[in-house]
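The structure's right below; bear with me while I get my questions together.
Chain IDs A, B and C follow the sequence of writing; residue 1 opens each chain.
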Amino acid sequence: MQKEETARDAAGGRLSIRNVTKIYDPEGVNVMAVDDCSMDIAAGEVCMIVGPSGCGKTTLLNAIAGFHSITTGEIYLDDQLLCGPSKPQASMGADRIVVFQHGALFPWKTLLENVAYGPIVQGSMTKEQAHALGKVMLEEAGLSDVADKYPGEVSSGMARRVEIVRALINSPKVLLLDEPYRAMDALTKSIMHESLLEVYDRTKVTIFFITHDLEEAIFLGDRVYVMTTRPCKLKKVVDVNIPRPRDYKILSSEQFRLLVEEAKEAVHEEALKAFQAGERELA
Amino acid sequence: MTEMVQSGHDGPVVVRRSRLKKALSNVKFWRGLIAICVFLGLWEIGSRWESWFGVAFPYVGLIPAPSAVGLAATEVVTKIGYWTSWVDSFKRVFVGFMAAMILGIPFGLALAVNKYFRGIFFPPFEILRPIPPLAWVPASLIFWPTNEMSIAFVTFLGAFFTIVINVLGGARAIDVRYLRAAQSMGATQWDLFYKIILPGTLPSIFTGAAVGMGITWEVVLAAEMISGGGTQAGGGLGFFIWNSFMGGSLEQVVVGMISIGIAGYLSSSAVRALGDYFMPWRRLF
Amino acid sequence: MSKPTGLAYFWYTLEQRMATPTPYLTMFGLSLWIFTYWLLCEGLEFWRFGKIPGPVTVLTDWFARDPFQGISIFKEEYYIHIWSSCRRIAIAFCIATGVGVPLGLFMGWSKAFRDYTFPILEVLRPIPPLAWVPLAILMFSGFETPVIFLATLASLFVTTLNTMLGVDSIDEEYFRAAGCLGSSKWQIFTNVVVPGALPFIFTGLQISVGVAWFSLVAAEMVSGDYGLGYLIVDSFMNNVTVPMVIGMLTLGLVGWGTSVMVRQVGRQLMQWQVKELAQQDR
């Protein structure tokens, strides 16, 4: 176990979030999205962030990805400063790739062109090399049939899988997933989960996964971080010790049920708070 | 593993940032102001180039300088003929535009709701639509007994096609779910039309009206310029421009252009304001 | 489940279409319209309609070897008029697109650039292109350049604004995704901004070609030596009404043709959208 950890560390992907605070001020109204949040994510960990809708989880992800600045605090990736007091906004880079909630495959490129996009623009491969590698990777993911289709022609589940391939082709250190399966039905979701686990077992990439689905979080994650409602803070950490590779049988296991029980109360409490806060705002 | 430590932040940070934001919104305003000043300055320099350096600046050198235009404007606004031109043009625009609205909206709605009506009347409409409104001017001059009526007719045509197309598109784009929801609550055919289709089409009607208003001004201007028919005492802004051009007063031509720009802008703003008034649910956004 | 192709597909769609009342209604509508036109202008010569040439007169002249009033499909002059107008439109449209699209793209892309240019555009835009006629005549000598200038001006505003709105319409997530994948600013411009704005650009171009015809006709009517607008107004001056109507109908046809061409080019360039829409229909 110890050895494996070191090997993973060498590959990189350790994410360290230290006392991060983010205050938005739309028209001077003070909205605190993230309040003094700290967490350490080991290299190769599947880290699941669970919290009520609109609690500021996405703000955290945006700060890591470099879409937003942070107000105070620091974020490190493998001891390298992404953002901090001297540099409020991280620069975007192919070491941290986001998979978006509604999907952001370029509709004007075929799936293969989408996958090959990263290496080409980074200049690390020629167009031919990138297309060849893209084909191989799509085939590994069982998606070679649709390589020449446009994103608008395939189902959202397939598009999301391609989007993960598009991220992985750059060998990122961290994969940032922002509720990627939110709009899917339960059956599609379960297929998505299996394919994501398969990808993880193959690559052991660090995964920062935002969701509000507790069972999804425990099924996929090594560690589940339950967040409070806005402002976003860490409320509870649940370690998931279910061995990998996992499959759908564990969903009915006693261990899984106990873990859900353990986290559920904390999540429910926050959801209720968020709901009541929403009620107040509307009244 | 790090457990969360809570700490309270508020106050000073926020105040500084919102002030920054205010300054940012000002930046846009200042940039716009600078741009327009630079634009006017270059124009002024360009048209004065010849008197300073002896050689005419290409193109811009032939246009009167903004300062000269301003001077001409102060003179023009004291003349009664200029203002009657405003009134005349506005009258024509109003007549043509209202006629297009009164005939165009029911026609567009009828095309949208009735399949047979659409089958019969849409193809001829589509054949006539690509003909630019101004190509109708001579035919209209032959047909209508007076000049005024032919200008009104061409103006009407210009706005009519745009309004009908927008109404038709808007009414056809109404979400079927609204119709089904209303039907499931027991709405009659008349209710469907009056409570769903009509308000659902309002945004498109006003979009069409705004575009149509722009076209109306262009057509009125052109019709006035082509048909002539005005005197010193008035006759419309298009005639004012043409007359000034023939009289060799370029400053007045530019004054006329700016006047037409202002008139067109005022009319579109009026349409927009009406739209806001009739569509309170849109004001929220 | 193979889709029928080629001729079989054509017959299939034709059969499908003939099963609906639409084609019969269309034919009925067109004949009704032409009949009314004929009745008013030729059959009854009702009121002032008698002054307008009816469909029979127009068609016989249009397709006659020796037209009574000088213009038909066998006369070289007819094609000179069409050619002059089309050439002017082509030049004006190319200039307006070549300037307007890049201008709009940069205005959408760079906030500072927009802040500086947009106010000027907004100040100039309410002035109808036709109000520029005197200045155009003054600034550019000859017949040709002023006419082209006016048509260009009209298109330019439409193209620029639609392109800018097109860039505004692109979802923020595409920019972020491209940034994540390591694109430089310029790569984002070519890979996200340009294709993302294409649908709006082509909507704009279709409007712009229509507006160009609009201004062109007006400009040709005021000052011109050839062209369809000139043909119409010249016939009017010489009291020959048939060429006038032929000119109007030709304008409609040619204008419609150019708009179809623009749409087809758009469909070719935006295969992704065509396929997506086809998917939604099924």
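Just so it is clear, contacts are C-beta pairs under 8 Å (C-beta built on N, C-alpha and C of every residue); 3 or more make two chains touch, one makes a residue touch a chain.
Bear in mind that the values here come from a model prediction, so they are computed numbers and not experimental data.
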Remotest chain, chain C as reference, centres from CA atoms: A
Top chain pair, ranked by how many C-beta pairs fall in contact: B-C
Centre-of-Cα separation between chain C and chain A, whole angstrom: 48
Separation of mean Cα positions, chain C and chain B [Å, integer]: 19
Of chain A, residues touching chain C in the complex: 65-67, 92-94, 96-98, 100, 102, 104-109, 117-118, 121-122, 149-153, 166-167, 170
Sites on chain C touched by chain A in the complex: 171, 173-174, 176-184, 187, 191-192, 195-196, 198, 270-273, 275-276, 279
Contact footprint of chain B on chain C as seen in their complex: 21-22, 24-26, 28-30, 32-33, 48-49, 51-52, 112, 115-120, 123-124, 126-135, 137-140, 210, 213-214, 216-218, 221-222, 228-229, 232-233, 235-236, 241, 244-245, 247-249, 251-253, 255-256, 259
Residues of chain B defined as touching chain C within the complex: 27-28, 31-36, 39, 59, 62-63, 115-116, 118-124, 127-139, 141-145, 214, 217-218, 221-222, 225-226, 238, 241-242, 244-245, 250, 253-254, 256-258, 260-262, 264-265, 268
